[in-house]
Every structure is written in C-alpha cells, then in structure tokens.
Amino acid sequence: MVVSGALMGLVYALIAYGFQLTFATSKSINFGQGELVMLSAFFSLSLLDWGMPYWLMIPGGLLFGVALGLVVERTCVRLALEQKSEGWILMTIIFGLLGFSSAENIWGRDDRPFPTSLPTDALQVFGVNITPLEISVAIGVFTVMGLIELFKRKTLLGKAFEAVSADRDAAELMGVSATRTIMLSYGLSGLVAAMAGILISPITTVGPTMASALILKAFSVAVVAGLDSGFGVVLVGIVLGALESLTSFYLGSGWREAPGLVLLILALAIRPNGVFGKATIRKV
Amino acid sequence: MKKTLLATLIMGMFAAQAYAADAIKIAISGPFSGGSAPMGTSMRDGAKLAIEEINHAGGIMVGGKKLKIEAIERDDEGKNDRGALVAQELASMDDLSGVIGTVNTGVVLAGDKHLQEKGITKIITPAAGSASMTQWTTKGDKPGVADLSIFRFASHDGIQAAMVVEEAINRKLYKVAILHDSTNYGVSGRDDLMSQIKLQGNKLDVVATEKFNIGDKDMTAQLLKAKAAGAQAILIWGIGPELAAVANGEAKIDLKAPLIGGWTLSMSNFIDNAGKNGNGTLMPQTFIEDPINAKVKSFIQHYHKTYNVSRIPSPVSAAQGYDAVLIFAAAVKQANSTDTHKIKEALEDLKEPVKGVINTWKHPFSKWDPANVETHEAFRRADTVMGEVKDGVVVYANKSDRAMMIKKLK
Amino acid sequence: MLKRLLLIRGAELIALAILGTIPLTVSNSYALGLLTLLAIYGILLIGLDVTVGYLGQVNLAQAAFLGIGAYTTGLCINLLGWGMPLSLLAAMGITLVIGALLAFPALRLEGPQFALATLSFTALSTTVLNEWESLTQGAQGLSISRPPLFGINLGASGFYWLCLVLMILVWLAMKNLLSSQWGRAFEALRDSPIATDAMGVGTYRHKVAGFAFGSSLGGLAGGLYVLNFQYLQPQVFTYDLMVILLLGVVLGGRKSLWGAFFGASLIVLLPNLLSNRLLFNVISAIGLLVAVAAGVYGLKKKTMKLFQAMAPVVSMGILVAGGLMVENTEDWRKAIFALMLFSVVVGLPEGIMGFASRYLTQLFRIDPPALPAASALDDVLPMQPADGKALLQLRNLKRHFGGVKAVDDVSFTVSSGHIHGLIGPNGSGKSTAVNVISGLYAPTSGEILLHDKALPYGSLFRVARHGVSRTFQNLQLFGELSALDNVMLALKGVYRHPLPMVLLGFARKEEKRAQADALALLDLVGLRDQARTKAKDLTYGSQRFLEIARALACKPQLLILDEPAAGLSHPDAGNLVNIIKRVHQRGITMILIEHHMDVVSELCDTVTVLDGGKIIAEGTAEVVKRDPLVIKAYLGAAEVTAA
C-alpha cells in the first residue's frame, strides 16, 4: 500500500518537475499543466485508435505534448513576461479551461481505458503486491527526469538553460536568448506532462477530469520541495504519496487529501522557498 | 453596463416567449456536462427518441388539434446552484407543460421547490436518492405538502439497497465492506444500506466502511482494510470511473469479493474501464440492454443509430427517459390539455396502460398522500431486477427475471 | 465639480434605481432569482477584488470563504436558532478571523506560491466541510429555512432588496476604504512593498487586514447564498467555482467596483446567454468587431504589439465561426468562456470596465475635486532643536553576506542637526551600512543607537516608526499614485480613525487635513504644481525630489539620503542642494551618501569615508579630501606613488 502510494507520488513528482523546468527559466508555471497531461493522454489514445503501433505512439504523444507546451508559452506566457506582470497565472488557467472543454467535446466526457501491452496481474516483490504497470511508471519517471537533467548538464543548449535559470540578465548579455530558452523550457515541460499522461493512463483511465486531482498534488509537491530544487521533488513526491495512503488507511479515506494540503500551507509558512529551495536576498 | 444587463434580461424573456405557440413544451433538464454527464445525456437522448417518435406519428391530440412536443433542454451541470436557477427559469415559463429529468439528488433538493411552488409537473428521472421524494412527506410533527406536482420515475435507493442486501444474504456473503463515494449519492446510499441491513435482521456483518472521492484512482488503502477485515463482498455506492478503480484495485491486491451496489454499476464507463475485473458485479436494474422483444429491440437499435454508438452509455437512464416521456404524453392525451396542473391530475390517475420498454405501465402513480411516498413513485421492488456484468455487457443475473420481464412487456 | 457629481454619482444612482425597481415591474421569479444572485456575487467579487485587484495577488481562496460563510450562517440558524442579522454577522466574523489566520502565513508569499497556498486552502476547507459530518451533515447537504427578518417574512423580492441594500452598503464601505489611507496603502504595496515599509506603513499589516476584510465579504456573500438557495453542499465551493469567480473579476476589470459588479453580472448571465442561440451569435459578432477595431487602433497608435492586437481577433473569430458550426453551444460553455476571457486579458488588460471608465473619463474630461490650501510648514515639520548632541551611534557594526564582509566593524556618531556625509568608492559598504541602519538587513553583530536607545533590527517598518526615514538609490516611488498621494501615504500622525470608522466614512476630514499637509511638503521640494501627476510620469529629477518630500512626511528625526544626486542634470543638482539646505533649516539631521564631492563639501558638516567595509577617514570635508588613504581608495595606488 505504501509502495503504491509512493509510486503515485512519483507521478506527482514528474508533473511537479514540469513546473520546475519553466519556473527555473521564467519564474512562471503553467496552471493548465493538468490539462496538458490529459490532452496528451487523449491524443496518444487517438493515435492508438488510428492504428499506430504502440512503440510509435509514445514519441507521437510526447511530440504533441511539446507542441502544446510551445503553444502555451507563445499564447499565454510570453506577453505577460514581456510586461513583467503576473498575467500568466490567469492566462494559463484560461488555457486549461479551453483545453478541458475541448477535450470534453472532442473525446467525450467519459473515462476510457488506455490499452497497455504489459500484463495487469500483480507480482509479488519482497512480499509486496505490485503490478508491472506500476514498475513501468517508476522506470518512466526516472528515465525522463534523468535524460532531461543529463541534457541540461551535457549539451550546449542545456547549459544555456542553466545560465538563464541562474541569472537571466547576465545570460542575455552573454548572447543567450532568454526567449528561446523559455520556449525550450515550456517545450520540455510539455514533454514531461505528456510522459506523465502516457504513464498514468493505463492505471487511471483517460478522461477529461483525469488530471484535476493529480495536479493539486503536483502543486503541493512542487511548492513543498521548492520550485527550484531539482530532485527534491522526487523525495517529497514519494513521501506525500506514501503519507496519503497511510492517512486514508489510519485516519479515514475521506481525509486522504488533508495531509498534503496542511503540509503545503505549513511548508510555505515556515520555509516559503520550499524545503530544498534557496532563500533570496531582498535588494534595493 | 446597466444597458447590457437590461437588454440581456429583456431579450432573454422575449426569447422564452418566442417559441411556437401551439406545441407541448416539455423541459428536459439534467447534467449534460461534468461528471454525471453520461447519465444526463443518456436520459436526454432516450427522452428525445420518444419525443421524435411521437412527433413523427403526428403528435398528440389536444383540444381537437394534433400538437407536437417541443423539448427545451437545460444543462444543470450537476451543480446545485445551477440547478436551482434552471428550476427558477422553468418555473417562470408560463406555458410549460412539464419537466422531465435530473440526475443528482442534490440538484433535486436545491431546485424542485421552485417547481412545486408554481405547481409545475415534474417527473424525476433517474435521480434515485431517497431524499428527493421524502422531502415532501410528513415527518413526525412536520406535515408534508398537501398537493405535490413532483413525481419520480426511478427505482429509488431504498429499493436498490434492499435488493443489494438481499442479494448478499442470498449468496451467503455475510461479511461485507461498504464502500461509497463522498458525494450526496454515496453517503445517502451508505445510510440506506445500513438501515436495510438492520431491517433485514442484521444478518450481515459490516467489517469496514470506507469512502473515496470523485477522481480518486488509487483505492488500495480502502481495499486493504476490507481485505484485512475479511470482507466476502463489497457493497458499493458510487459512479462509473471510481467504481472501475475499485474493481481494478481488487485485482491488484488479489481480493476476491464481488461488487454489489447501486444501478450505476451498469454505466459503460465502469464496464469498459474495469474490463475483466468487472465480471460478476451485481446491481439492481430497471432496464437491461437486451433486445427481449420487438419494441425493446427497436428502441436499442434506434438509439444506437441516432447517436452513433454501439452501446448506450447508461441504458437505465435512457430507457427511463424514454418511458417517462411516453407516460407524460399519455397524461397529456388524457387531460386533453397542455396545462401543467391538469396533466398532473391525469398522471395521478392514468387510465390507459402505457407500453414502454421497461414495463407496461398500469396506473404508475396515484393521488398524492403525504404519509405515503409511494403514491408518486412509479417503481416497486418487482419492477427492478438484478443485473450482472459479464464480459463487457450487463445481463440478467437470474434467468427467471428475463422471462418475467418478457411477460410483463406483453 | 457639479459635472463630476452628476456623472459619477449619477451613474451609480441610475443603476441603483433600475435594480431597485425591477421587482416592482417584473414579476418573473427567474429574473428575480438572477438579480438576487447578481447582488450576492457582486458582494463576493468586490471582496475578491481587494486581493486580486488592490493587493495584486492571485487569490484562489474566495470560494472557500463563500462556503465557510454559508455554512456558518446555515448552522447558526439550524443549530442555534439565531436570526438573520446575527447569523450573517457570525459568518462575517468567522471568515474575518479565518481570513486573518490564513493571511499570516500565506501573505509572506508572492505570486505563484500565494496562488497555490490559497488553492490548497480551498481544497482543504472543502474536505473539512465534507468530512465533518456530525456538524455539517457532509455530502448529504444542509437544508435550512429562511428565518424572518425582524418579524417580517421576506418573500423573493423582499430578500432581493435585502441583498441589494447589503451590496450598496458594501459598495459605499469600499469607496470609503479606497479613498482613505488604506486604499493608498493597497496601491502602494503593489508598486513597492519595500518603500511602503520604509515609510512606516506596515506592508504586512495592510496586506493581512485587506485579505481578511475581503474574506469577510466572501463570508457575507456566503451567508446570503445559503439564505437564497436554502440548501448547501460542500462540493459547490471548489476550484471550479473559484476559477469562474477569478475570471469574473478579471473580465469585469480589476481595481474597480463597477468591474466587480460587471463581472458578477457576466457570471450570472452567461449561462443564459448561451442557451439563446441568436443572442450568442449577435454578442460574439459584436465581440469580433470590437476586437478588430481595438486591434487596428492599437496597432496604429503603436500601443499594442502585433500579438496583442491579433490574438483577440483570432480568438473572437474562432468564437464566431464556432457559434455557426457547433450544434450545441451549451456543451462548449467553458471553451467559450475561455476564449472571451483570453481576448479580454490580452486585449484589454484592465478589464472591460477598466477600459470603459478610462474611455469615459477622457470623453467627459471629469476634473478631479479641488485641493485644499497647503498647511503652514511649521505645523507639518516643526523645527527640531539642533543641539549637536549624539543622535545616532553605530558601535562595531558588522554585516556579512556569506564570506563577504560588506560592513566590517564600523563605528561612528551622527550629531543632531548635522548633515553627515558617507562616502567611499563603489562596493565600499555605504549602501549596506544604511540598509542595516534603516532595517532592510539585520546586522550580523554590533549596535545601533538612536538617542542612546537601541533601534529595532531588521525591520524597515519598525525603524521608520522610530523616526528614521530614507530615500533610495534606485527610486522606489509608488508609480501609479500621484505625487500628492505618494506624500500623503507616508504622512505620520494624521490618520487616527480605526478601520471600522473609515468604512463608515468618518475619515473624510482627516483626509482633507492630510492633503493640506502633503501639499506643504510638495511645496518645500517645488512640486506643488504637479501634485496630481502620477509619480511615474514625473521627470527624473522631480522623482528624486518627490522621494525626499515623501521621506519628510514620516516626520523623521534622521533622514537618510541615498545618492540623491545620482543621474541628476546640472540645474536639478542645484535644486537638490537648495532643497537639502531648506530641510536642514528645519533642524532635521541627515545622512547623505554622495559621490559628487562638490555637493558633499557644500553641505556636510562631517564626512565618514568607507572602503572595503571599514572606515578609513573621518572629519570635515576639507580634511578627508586631503587624506592620502582616501585619495588612494578613490584614485588607486598608482596615483599615490606618483604623488
């Protein structure tokens, strides 16, 4: 039980990681990220329906996620960032609303199963019941996060990314285009969202509301860990997921959301920059 | 600004009056978007099929003239405040003959008082929560309403809970866990189950009572508790997607306890998403998508063709919507009027039997008695059968029920 | 004056008259239901606008306060048998308290973190309402029946009038609040929280109070909500509702009572608009035309970028095309709402009413009300005795950032009535030193004494309250406020009325007095003629002078001027010297950080020279100028060897 809670926690962490990517470069996050997860999952499902083989569907779905991420950046974030306002919060919420309504009408309001090539029977690992699907989630999460971190550290483009995160103005002076880097970060964030959608769909089914519960948790994870903490999200995600399972087991299932939320408000009150975040110094 | 407001108001009012004068106006309200949409839209589409058939045959003879039925659709989104506004709007339409619909019990509780105030006839379907009708009855020293214009055309939760408990006892599954969602529907279902268990002699031992939220996908914690307590069956009250999550969760932790619960277990989003894990699930049904005679067959085929589906998302809702319209039409015919008060009186004393797809309805309602809620309830225990999920479809759990249904529809 | 009264009050009165008489002319219960809801949402959105508009924070907790208020009222009626007024007051009281409790941690956060904290609060309160079955009856819902008001049984129209009256009261209270010191503080907070603190107007305190006040309006709306529907379920008050509320405020226009009201009408009427196909097509077509017109106009005037002009046109175009193609517009309601909002947020960032009121103000040229005569300077800035005693003493002050010793063991004394110069090359620790004195940073170690008593550490606000006021090297004006308001905000000792009295409108007189006092200070720095100009529209030099006037409004014993001459043109530098001399005549002690040695020589009685965080010289300007260490620090070692 704790294990399966922790595995759900990994998915929260993956989505939270998507927030971190964009926050690092632009100090903005996509409040419609949940809809990105959902739309990518639906799109991947449609790819399968159109007869695309399973292994081609994954890159297809990921590309779709990247495209959506770029659309969000262009339509909802760039203008607000240029105006140095926080308009992006509203704009991304609006985007989410549009995405939700479109999905409802294009793919229907019903939840649909997402086929998987993995067997669904549970395995016994060290006395814990675990399904191959859940293992695939863990593998998927670590692969994607690992690859992106590798990309950030080893490639030129990735270094530009790090530079803009560290100091946007200085990076601009060095000839790194902040706009392009922010685009990149939104693209990557879309990719991460799509990955989360594809990984979680076989377990949770696909439907317009599939991500609305997930996204709240992902927010909690991102904020508790700190929006600039890198792998801190993984730890917080696992802890939160496990904690949820424990609460619903011992405290009553209606309260399962509560610890995460209380944790969030407390963490914000005590460490506004997150448990693993860095403090900033006020300047005049 | 004020102008826009006023203009919208005025235009809105005009629009309400701009419908053709000589038609029978029936409002169909329900959640056509949001989580309960599969039930709402199935109900609406079933009702519209019946309307289409009636209109196709020329309409209903009223005052020497054949009038067609005009449907006014209103989406309450499954939200109480929206539902209250929709009811207010409908209550203020002067020439409305009646209302059919509503899925969510909360919406019924928030909205129906506006209709009752104006005496507008409403047939509730498929909302099953007991409180929908008992809110009007005499409770202790609080007298119920003397004259009620609200009818229900659904097998209410009281009947369903009784059947669920009975089924568990019949199958000798004495240790049960109760699982329910945290909405009004789930919580009142839990209470109905508890009182039925008591009523039927406390034969069942409730080993765990657990809750889940709409949107929850991971039910492991709740199911582990049930497993640890040794539950042999899970009595469950919720809607499609979460029910499926429970069925799948059972498979994961290797718990073999059949799900027995409310009629919502026949929703396609449960059956599809649970896949083979849904097999053996039992639920009370008023209608099963099984072409047992020509009329039912034509209804099912017609539905599939018109809405381009291979299976009705919620067959019960669709069939109830369909039959409700037929009953309403019969009342209009008998009242020989489009006046909602006269239709109410006709509904309370329907002379001609109505041949529907669920039953041949003989005198489904009678004069309202605040001490007896059954006067405005169409369904009895005998009108409801047990359905069972088998390889992706709902079938009659007992062969004898099928034969009985065929006989009834004759 | 008359014109102003007619146009502004007139619009309000007409709206009120129309809204008040509708129940007399229309007996349609549906229309009445909508209007009641409009009044309730009006109150709710006015409350939400306090945080979203005036505090500039995306607040996602208002739905929760609506719910808490609704349940409080419902339970007071059901369990305690209270009447309507008492239950509504209880709702306001409880939401006020919870709002304040939430605000304490949450308002330390900014931007996305604040949004997330409030979002979590909404989710948490729904969970609690749902799970606390013994009290709230959980998901089963709570049914109440509306108690009579003072023995009168309110019908639908009676209840509507009650809601309307309450909305008007809230409207008036907000007007009073916004035209008082509180309103100015809210605006100032958004522009520069640091300067707000430094002027002795507590940023945090105002934020918390504003948030709690807005929340209590949410509670009031909640109370009316339950009295209206007479049935409650926890699921109503969730994220979905919150998004709609937030978007209503933005669409109507932030920082505007009319905007909140307009937003409320949109929320209430939109579903109806969609159920009427023709109306929808007409409105979306009008929307497209407006978008095209605004886009062309904006591009021509170069006030908009291409994206900003085109995006609304495209999105309204989709709306029109969609309206013709889609079978059932109700199904697409959320998408339609999203497209409309998108157009408004991109094209008209100040919202529909914000845009309209700006346009109307231009059209009718409404003059602002006349200003009173300036107070006598002696009343505003009484002469302070310049007795030359020690006013400020620094003892072994240190401030380290990690390994960097920005200020390292600095001790000096500022004498009362003197102008004390603080100079040194870039990075010598001057700014850090004054930042520590003024409370922006806490010292790593050491003592700061004012009149031999320790100054508070690390709080701009508390230091300002002790009589130390400052200007900033990088201007920290409240750009959206007028010059007059900038000074009025900082005025100390004028505003005495507590918040409830302000809401009731008893603060008008002290407001006049504040205007007169502020004018006297503007006069001192030569900005009296520009009192109504927005600070961001002043010339650079004038902005510098305005900062001085504003700092003087705190009536300081010690005034810190952080490079006031930086970037000034030659004539302005002359003006600055004159202004400082005039201030000096009032007996106010000053610390002056400056690079221009001529300014320093002309003004300063004593000069302290810092380098590398340490004091390298001290004395009169003439003395330190000749100090070899100072010359070395400024000109480098090579010069010294050459000399």
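First chain written, first letter: the chains are A, B and C, and each begins at residue 1.
The rule is short, and it goes like this: a contact is a pair of C-beta atoms (placed from the backbone, for glycine too) under 8 Å apart; a residue touches a chain by one contact, two chains touch by 3 or more.
None of the values given here were measured: they were computed from a predicted structure.
Student: For the chain pairs A-C and A-B, which is connected through the larger number of C-beta pairs in contact?
Tutor: A-C
Student: Taking each chain's centre as the mean of its CA atoms, which one is farthest from the centre of subunit A?
Tutor: Computed centres place B farthest from subunit A.
Student: So how far apart, in whole Å, are subunit B and subunit C when each is placed at the average of its C-alpha atoms?
Tutor: The answer is 51 Å.
Student: Provide the C-alpha centroid distance between subunit A and subunit B, rounded to the nearest whole angstrom.
Tutor: Taking the mean C-alpha position of each chain, the two centres sit 38 Å apart.
Student: I'd like the Å distance between the centres of subunit A and subunit C, where a centre is the mean of that chain's Cα atoms.
Tutor: Centre-to-centre distance between subunit A and subunit C: 33 Å.
Student: Among the residues of subunit C, pick out those that touch two or more other chains and give their numbers.
Tutor: Subunit C, residues with two or more chain partners: 130-131, 331, 333-334.
Student: Of all the residues in subunit B, which ones touch at least 2 other chains?
Tutor: Only 33, 182 qualify.
Student: Considering subunit A alone, which of its residues make contact with at least two other chains?
Tutor: Touching at least two other chains: 104, 212, 252, 254, 257.
Student: Under the definition above, what is the set of subunit B residues touching subunit C in their complex?
Tutor: Subunit B reaches subunit C through residues 1-2, 4-6, 8-9, 11-13, 15, 32-33, 73-75, 79-82, 84-85, 88-89, 91-92, 106, 109-110, 113-114, 118, 131, 135, 182-184, 186-188.
Student: Which stretch or stretches of subunit A touch subunit B in the complex?
Tutor: Interface residues on the subunit A side: 1, 4-5, 8, 104, 109-113, 120-122, 129, 131, 203-205, 207, 209-210, 212-213, 245-246, 248-249, 252-254, 256-257.
Student: Over in the complex, which subunit C residues touch subunit B? Could you list them?
Tutor: 14-15, 18, 28-31, 33-34, 37, 130-131, 133, 138-141, 143, 225, 229-233, 235-236, 258, 261-262, 265, 269, 271-273, 275-276, 278-279, 330-331, 333-334, 353, 356
Student: Where on subunit C is subunit A touching in the complex?
Tutor: 56, 58, 102, 104-106, 108-109, 111-113, 115-117, 119-121, 123-124, 127-128, 130-131, 194, 239, 243, 246-247, 250, 305, 307-308, 311, 331-339, 341-342, 345-346, 349, 401, 431, 435, 440, 472-474, 476
Student: Which positions of subunit A touch subunit C when the two form their complex?
Tutor: Of all residues in subunit A, those touching subunit C are 23, 27-29, 31, 75, 78-79, 82-83, 85-87, 89-91, 93-95, 97-98, 100-102, 104-105, 212, 216, 219-220, 222-223, 227, 252, 254-255, 257-258, 260-262, 264-266, 268-269, 272, 281-282, 284.
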